[in-house]
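Multiple structures are listed underneath, in structure tokens.
Paired with subunit B in one complex and with subunit C in the other, subunit A is shared by the two complexes that follow.
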Partner chain A sequence: MEIKTIGVAGTLESSDIQIMISKGTNGVEIDLDSDVKKAYGDQINHVITETLNKYGIEDAKVKATDKGALDCVIKARTLAAAQRATETQDKPDLEVL
Partner chain B sequence: MERVVDLHLTDNATRKKWQSFLEQLDLHNFSEREVESIDHTIGLIDEDGKLVATGSTSGNVLKYLGVCNKDAVQGQRFNQIVTALQQYLFSEKIFHFFVFTKKKYSQSFQHLNFRELAATDQAAFLESGMPGIDDYLESLPQDPSQKDKRIAAVVMNANPFTLGHRYLVETASKENDIVYVFVVKTDASLFSAHERIRLVKDGLSDLDNVCVVSSQDYQVSKATFPAYFLKSPDDLIKEQTAIDALVFKNWLAPKLNITSRYLGQEPFSKTTERYNESLIKILEPKIKVKVLNRLTEDDKIITATEVRKLIKNNDLAGIEELVPATTFNFIKVHLTELQTRIKKGKQINGN
Partner chain C sequence: MENKVKRNLPDDLMKELDLKPFETSKAGNPTVQRVAPKVRVTEGQNKVVDSLDDVIKNNLKDGVTISFHHHFRNGDFAFNTVMKKIIDMGYKDLTLAPSSLTGVMNDTVIEAIKKGVITNITSSGMRGSLGEFVSKGGLKNPVIFRSHGNRARSIEDGEIKIDVAFLGVPNADPAGNANGQEGDAVFGSLGYALMDAAYADKVVLLTDNIVSYPNTPASIKQDQVDYVVKVDKIGDPDKIGSGATRFTKDPKELKIAQMVNQVIVNSPYYKDGFSFQTGSGGAALAVTRYLRQAMIDDGIKASFAVGGITKPMCDLLEEGLINKLMDVQDFDKGSAASMAKNKNQQEIDASWYADPHNKGAVVNNLDVSILSALQIDTDFNVNVMTGSDGVIRGAVGGHQDSAAGAKMTIITAPLVRGRNATVVPKVETVVTPGESIDVLVTERGIAINPKRQDLIDTLSKVPGLKIVDIKDLQAQAEKQVGVPKPLEYTDRTVALVEYRDGTIIDAIKQVKD
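Let's look at the complex of A and B:
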């Protein structure tokens, strides 16, 4: 799926994660900021990458600001940001979750 | 529950409440021009209807952030207000933004994934969102053997491009292998950003070691150096010019291997003179700063300010002596349009 614009979802408040997605050329590149990066950084990156791949996005630049979000939240925010970036909000493909 | 509301500063009562709240938090610059530059203001209201946090945006810059942490979890209100400001910017399709703040608050912003681009003892300058400074630096053209070359830089607003600008770049071009000309992007001048960069490119097209690029938000922009566009007190100019110089030194110069920066000596504008002083103080000795005397025509110093005055006075013959043929042709063709812009209130005395 083609990324057409920049898409954002999520807030900077506790238990949430903010995901910003734009065009990339070199796989899914994630710039993650999280207080629990040491313990859960790999897991968070994995969830983001997997959600994007399932949605048909192979290349993207992602900026993620995590405030302690659970996996289900990360998935939902990533999907919402991906839909906005690909301008497909009107036909949500929730199967991805 | 605390809730986020829009604050309308045009309403006198709201404005008073907002200002006194920020004054309690030690913010004191409420000059009309500064406040007028605000696009949008939001506030956080507690259960009793009391204002406990606020923030504003002006273009892609966050301004007038103030948070009272009494009876609240540390950082919670700050995160809420920055989130709300971001949501507003996103809805305006602005995904890349800046904040110019006191040094002591830099850490709080970094905690929200802002990146510090420069800091002095007093102030800090940070960015967040996409595309960031890395993307900008990657987008600048480079020579394959950049590392072994002598490289210089010139930053100019060029409003419009004159023989003085030409002389500055020509000198740099003779003394170096490559010259980067950064043209200011902020649209606050008589000539639009698009017109300015085009005239710079056209006026330098015969020099093949010169590379003209946009300085985006990173050099002399409303984010790094708003005092260039708004009249401001001296101490503010000092902080901003220092930050602007540091962004150049920390990011642009190392990436492009720039070893010298060329400036025109400044006889008139106090703001630009302060800027030159800051550049010398911060860039030297790592980056050589060369200040060239201004080019003169019949003992009169050539400035873009003078050209703008002549446009207003309809003096084409006078303009022809001060600008290259490329700029002159553009002015000749667009004279009435430029004069209309001046009549409509475009300032021509500033920078």
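Let's look at the complex of A and C:
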């Protein structure tokens, strides 16, 4: 899946995560900012990468600002941002959900 | 070595500082020897001095112990006024022994540590930038954290020997009679500072309000005071405590408060003349409101409430639902102002309040105590000191004391906060041992310590109360947030947490960056 523009989803509210996806060339590169980075950083990165890969995105730059989101929230925000970045929000790929 | 709550303590430090590991929450009946302060005799009609510099110069030398109180909380001007001068005058190796450290003091303490002015600290707690600074190894010697009752004990038996106490007060007469109840920056009870006034070799009052002699009620008395220093402004009344206490609208907190109320009114302790303690958190304040309605409906009155006092508790006093408030500190403007007009709001010092080694503290007369937690583990051990990132961001306060004294100690906590579980397999730092905790109330259910089979039997019969195993609560929390990666610490000990009898309950290590 080709990234056509910068896709953003999520807010900076407590228990949310803001995901910004743009074009990349070297796999999924994540710049994560989180208060729980020490305890859950690996897990958050894993969920983002896995969700993007499932959506057919292998290369992307991701800026993630986490405010303590649970995995389900991270997945949803990543998917929404991916749809916006690939301009496929009108025809979401429900299979990956 | 490992102590009774299975915490590994640093052998070298334990030996060097001659400390013993925590054994039990029971104080027993030891005979203890107290110490007395040195007294420089004066006739003392007029102790008012203009120059704080002279007072410091004539009474401080390198290596001594100085103390402050934290009743002004974030509206404190006394601490920074004094400490900045001490830093400028170039003193070294001081021990700082305040009742606690509030956010407004952080920058000055960090500066004093960096310049070698302060090399040892004992406190109830620390937060924000100072907690982070210490957790990252900023202070060479470990901080000693003590509960309010333990600080009183340590002062009485000489473990903390205060050379000079600098005590800010909203009023004082020229001879040194002072209270916390009148003036611009009123904070109510002087409870913690009364220990310093009674046991420090030199007592320096700082005030912006010198009144005519004799000043009553005299919480601090003229026979204890060496100097009265006049300053421009001693505190910011707007930052001492929040004005009107707002009733929480958080549905989770309200649900927890309702459940706590159910636990109390269905416990064997809920009868005419019962007593209780609550903290200042949202859930605790809401409990007070639900309890009020229950007491009116059931025609039950409390003999006393103790602790940090809040406005909702003063309202209950004025309504006649509580006979007496035993008041060691006031958390908000309403309760601070209330002390001056309610003779049944009794000021108590920290020893009377919570000292384990006296002839009986108020907490020992408590039926029900409602306390909070940053973390609680499946052995009911509670952490109120370090965050889930391992960084110091709390205070022992009266937590250990109230839990040890009360017949039923209830911990209130949401199951998770953001992505951090509150109910965990093992707390980062043990502050209060599980053996003194009886009930945990979360929004997902109530867990009762297995050693309280009587409470399990009684409360299981109450319709609508969901009694669960604490391990189930922990599993639920883990299912929601996942399993965190264990935090990494270095081998260096940055702080030791004492239990109220002076034994060591846990050590806090330096966090890895």
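One rule holds in what follows: the second predicted complex is superposed on the first by the 97 of 97 C-alpha atoms of A that agree within 3 Å, B and C clash if a C-alpha of one lies under 4 Å from a C-alpha of the other, contacts with A are read in each partner's own complex, and residues count from 1 in each chain.
Going forward, contacts are C-beta pairs under 8 Å (C-beta built on N, C-alpha and C of every residue); 3 or more make two chains touch, one makes a residue touch a chain.
Quick caveat: nothing in here was measured; it's all calculated off a predicted structure.
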item	value
First, second, both or neither for A:K38, with subunit B first and subunit C second	second
Partner chain in contact with A:D71 - subunit B first, subunit C second, else both or neither	second
Touching partner for A:S22 - first (subunit B), second (subunit C), both, neither	first
First, second, both or neither for A:K63, with subunit B first and subunit C second	first
First (subunit B), second (subunit C), both or neither touched by A:S14	both
Subunit A residues contacted in one complex by subunit B, in the other by subunit C	14, 67
Residues of subunit A that touch subunit B when the two form their complex	6, 8, 11-14, 18, 20, 22, 33, 61, 63, 65, 67
Sites on subunit C touched by subunit A in the complex	388-389, 417-420, 480-482, 484-485, 487-488
Residue ranges of subunit B touching subunit A (in the complex, touch as defined)	76, 79-80, 82-83, 86-87, 90, 95, 112-113, 129-131
Complex contact set, residues of subunit A against subunit C	14-15, 35-36, 38-43, 67-71
